[in-house]
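For reference, the structures are reproduced in the following blocks.
Two complexes come next, and they have one chain in common, subunit A, joined by subunit B in the first and subunit C in the second.
Now for the complex of A and B:
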């Protein structure tokens, strides 16, 4: 009998080892899930922020959890919440994930927290408006707070341009084509636009906006994929490779593009500001950065344009969290989006610091002084538009990506027909939400 | 005669050599990419070694995750899974091979059906179960869903059925009880099947990513595959293959050394299970 009890005890102790010790303290613990999309040691940086936060806020502990790519992060959180798990308290997810999570009632709008702040108005208006566009619903309520944001910009090899007699970067598509053709040799592409590899939508949106009309607006039940502007944009993009030969037909691959640029195999590239630090550090030539060239001038107001991208901070609450917990969560969100942290995060990673006053804070202020290229990325934001997002975002994004890819690779020759078909399919899906 | 056999031998050696080379190529490529500067195009420097040979990617990869801890977790995961599987699979295999009970065939079909359900489909349900048991983010949560194995049961059932029933009867006459019969008659005669099952189980769980990734949050629990995931950073800056390759080599090197040490035993056990 005693022997059996001893065995049971041993088994119990073994099991409790597996289960892990429960937290003894009464601290509020905030589970913070973050994806990693940069070469830097994101885990180390976040742990540093968490320690700093804990020092300033005794009684609150941050538990940073790495959750893979953006897609992994979304799937992890969805599985956990659908499986009845607690889920994170705060997470960094794509700014376009808003409707998928708001629909299910998993997240809480930041608006209520902002309203309860003394200086809420000032806090919210410090963020660049373009970076807020994906975090706001059609009624103007703020749901998520910009954190690690980016936008595509034009990188150019200033040495090569100067050699060919161009002392300024292309300002519009006509100049873009002209310079790209002049700089194309048998060993060098004039221009690489990374639209190959399954996710052309982001780069494509730059062209759609420049041609005069974004494919989305504030209404999450509307998509404008077969407008004349949308069609003209993809036809121009296709012509770069297929007819003009300034880049590979079908476009370049995302990861190869900056590598080719650094190796001198491409004179100009479209790429994310998220790569600015890496490109500035890696280049042995003068790197120029400029706004994406504007579209065809016309009465429809075509001009500069780029979508925004990257991740926002989301607050998870199904209504069961206590006021003390919610206060702690909001403190962490405001900490991460504060000018001091944004300046540090932006300078380390290359993401665009999301609030205007971060650009006056160190270390970003001196970095921008040393490399004015960072300021170009910031200033282009005044022309930037909303990244594609709607109800059923993931499904519709898949349809658009598939359609664009088939047009760009030449599989669908008639762009208008392919986009009409896609638009009909998209309208069918969105009809349920209207 | 001798000349013929020598020619045949040469051909066989060349063929195996060629096949071996094909299998070796990814590993060679992994090593080469891991020692050239990060993201250097192949056109730069020597085609094999780039502009310089550097170990900086290893330094970086080593810093990014607690590899020792991940290693330990992987060993606990696959070892704990296999240990329990061996027990459950043996019991079930004996029952289906030798015992007669109502609904045996129906039950067998149900278990067979389970082989055809992809594990991804069960992700949310498995999560729900583990979460309700209060095991979320524990070693136990990793192993629990795998403690039964339809594949292992079927493999051993087949092996047990090939053991002559007379052996069991003789053991019974000598006074052996059920446990002794299973141990001394069936298990010892099915060692090659056990080895084959162990290798399949170990390698599939060693490489498992999705379930450990979803069910764990702390570094203290997460196995190697989840640690490696930290090196795959493709979203914003493109892939950093060099770093990933360096990490992969850090992860596989101990296994390769282990294999080289026990190579003979590995190959022999494979050969023996093949002879059957």
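Now for the complex of A and C:
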């Protein structure tokens, strides 16, 4: 018995020796938490990036930690920090998480790091402005850096449109309705907009922007949910299923939508650019991609628009980190947001590479040449707006989602009244911050 | 000699306490202490430890409870709806899954071909992890590609928007729960049935009691304890439901299928709601406690009466 124990002890000591050797004492270790919202091998890809980074930067080691979905990631980080733990050094979280983390004092603005760079101005201005809008506070300070970003776009079955005599996709809502009605059969939906299933706000924002006014602006204490534009947008969305019958009443579910499109059961869909690669690979028909149709304002193209979405890089520091650690952290952030990595990440996942120069880098440049659909997603960014974010983002997003769902499913018939009530609740919460 | 006797007495007295000490410590640390914290935290707004908008949290007494019971408050709206749904969900489960479990047990207690296979097939859902099973059901209930609608359409009926129609989605969740639980409850009833002595049925048959009479006058009374037990666990399970909702549209649309525990889980995400979260948790605990206690007392009295 004793002999065995001794042997185990020796083995244990030997093992710890190895571990100790592998983890050199002086290395700075950066804990990097990331979610995955795609089916790709994110863990493998990040490990590859981490190895590449370690080669270029001796003395800094990246510890990539996969933390589940966006929600899981957020909850993991909050649990660790609120329980007095260290938390990550860098994490990918939703771009709209800014104010809740800033409010708690967990994150450090990227602005100070950018200011300390030699070419900080050029670094920051290389990102598409629309993708920066959620990472910047009302005073213009940059907090987080775009990393895996997306927007909704219009996917259409070009073969079906051509059969019905349409050579080009709908440019505005009137054409959208006309084509959707022409292509609706008993076996097929003309248009699916995935607003069912708990998260209608993102798709809804497309319509609010198209109708002329986003529900948020730069001020995180203001929400515009009961404006005439906001009401008209949800009424239009409701009419698609309820009155026009081009899709199911109440809207389609998120996951069903691309499946139905690929199966030929939907002629047009609104969906995220994040699914572009999957849809292009999965379709046995010609897939067209175009800007989301403009609203009534858009004869001159002014009514185009989509919200942005996806995740940014956040730096965690409560003021206790050393300058050397902070420098290492910033190196990792600039590495991940560099054109080379963005081009690679965009091409493998389908996220929109966040900086303009990434589109001239390989492998993205050749991919875009082969499939111009990728460029549509990029070019729509010039019309894209801020994704919903404010103080108390999650709570207010919940109010908006609940209200939209109750209007879309017909529970609240009077959209204006329901949205007035929601706006009053939202103002009540935001009053603390004004 | 005296010292030895004293030691013996001490050991005899202390031993039980020593034996339960580890469990007691765990219960105190992980159940009682958090429960006290929950009571304390439920009295602060927006949340203990959070300086929202630079302001320290305030002691507000029972204001959080008043808010969650207020239909015009954003949290009250959601809480009251989830509370109603939870009651409907729990009652539906008790009233449908329990009798179904009993019926299956009666059918599968009789000797017949492939009995083990049938029992296994009925019990199988209970073995599946709920989150996986619910994900499969989300495909079955899918509007355009789902099996449920394919069946309806093949019968010439219109497809239903199972997970998108606010009037149907709670029903969908209940269906899954019944499918999942009935086979599990069947096992308890089967065990109960096999504890009933054969002779009783033989005697009843000799006295001329038919199958239905035997069931009403023999089986049911003798299964009373099993029935009570199964009803209690099915009711408390209903209050712990989370997984189905996670896989089936997160309680939506507009909370029309949201249940209490899941609503609490959803609101943990933002710390400014923790005052409400704690208040809701206490209400949940209170309901389950009252129910369990009530049943326990009934059960105890029943036992003593025998």
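Couple of notes before you dig in:
We adopt the following convention: the second predicted complex is superposed on the first by the 405 of 434 C-alpha atoms of A that agree within 3 Å, B and C clash if a C-alpha of one lies under 4 Å from a C-alpha of the other, contacts with A are read in each partner's own complex, and residues count from 1 in each chain.
The criterion applied here is as follows: a contact is a pair of C-beta atoms (placed from the backbone, for glycine too) under 8 Å apart; a residue touches a chain by one contact, two chains touch by 3 or more.
All values derive from a computational prediction rather than experimental measurement.
Superposition note: with subunit A as the common reference, subunit B and subunit C are in steric clash.
Shared-chain residue A:169: touches no atom of subunit B or subunit C.
When both complexes are overlaid on chain A, the residue A:82 reaches subunit B and subunit C alike. Of the two partner chains placed by the overlay, only subunit B lies in contact with A:65; subunit C stays clear of it. In the superposed model, A:303 lies in contact with neither subunit B nor subunit C.
After overlaying the two complexes on the shared chain, residue contacts for A:41 are found with subunit B alone; subunit C is out of touch.
When the two structures are aligned on the shared chain, A:189 is found in touch with subunit C, with no touch to subunit B.
When the two structures are aligned on the shared chain, A:256 is found in touch with subunit B and with subunit C. Residue contacts after overlaying the shared chain place A:212 against neither subunit B nor subunit C. Applying the stated contact rule after C-alpha superposition, one finds that A:104 touches subunit C and leaves subunit B untouched. Here subunit B runs into subunit C after the superposition, and of 19-27, 73-81 or 163-171 the stretch doing so is 19-27. On subunit A, the surface touched by subunit B in one complex and the surface touched by subunit C in the other have residues 75, 82, 256, 259-260, 263, 265 in common. Taken in their complex, subunit A has these residues touching subunit C: 71, 74-75, 78, 82, 100, 103-104, 189, 196-198, 248-253, 256, 259-260, 263, 265-266, 391-395, 398-399, 401-403, 405-406, 408-411, 421, 425, 428-429, 432-433. Those residues of subunit A whose C-beta lies close enough to touch subunit B in the complex are 15, 18-20, 31, 35-39, 41, 43, 65-66, 68-70, 72, 75-76, 79-80, 82-85, 150, 254-260, 262-263, 265, 272, 274-275, 278, 310.
Partner subunit A is touched in their complex by these residues of subunit C: 49-50, 52-53, 55, 72-74, 77-78, 142-145, 161, 163-166, 249-256, 266-273. Considering their complex, residues 39-41, 43-44, 63-64, 123-128, 131-132, 134-140, 213-214, 217-218, 220, 229-230, 232-240, 243 of subunit B touch subunit A.
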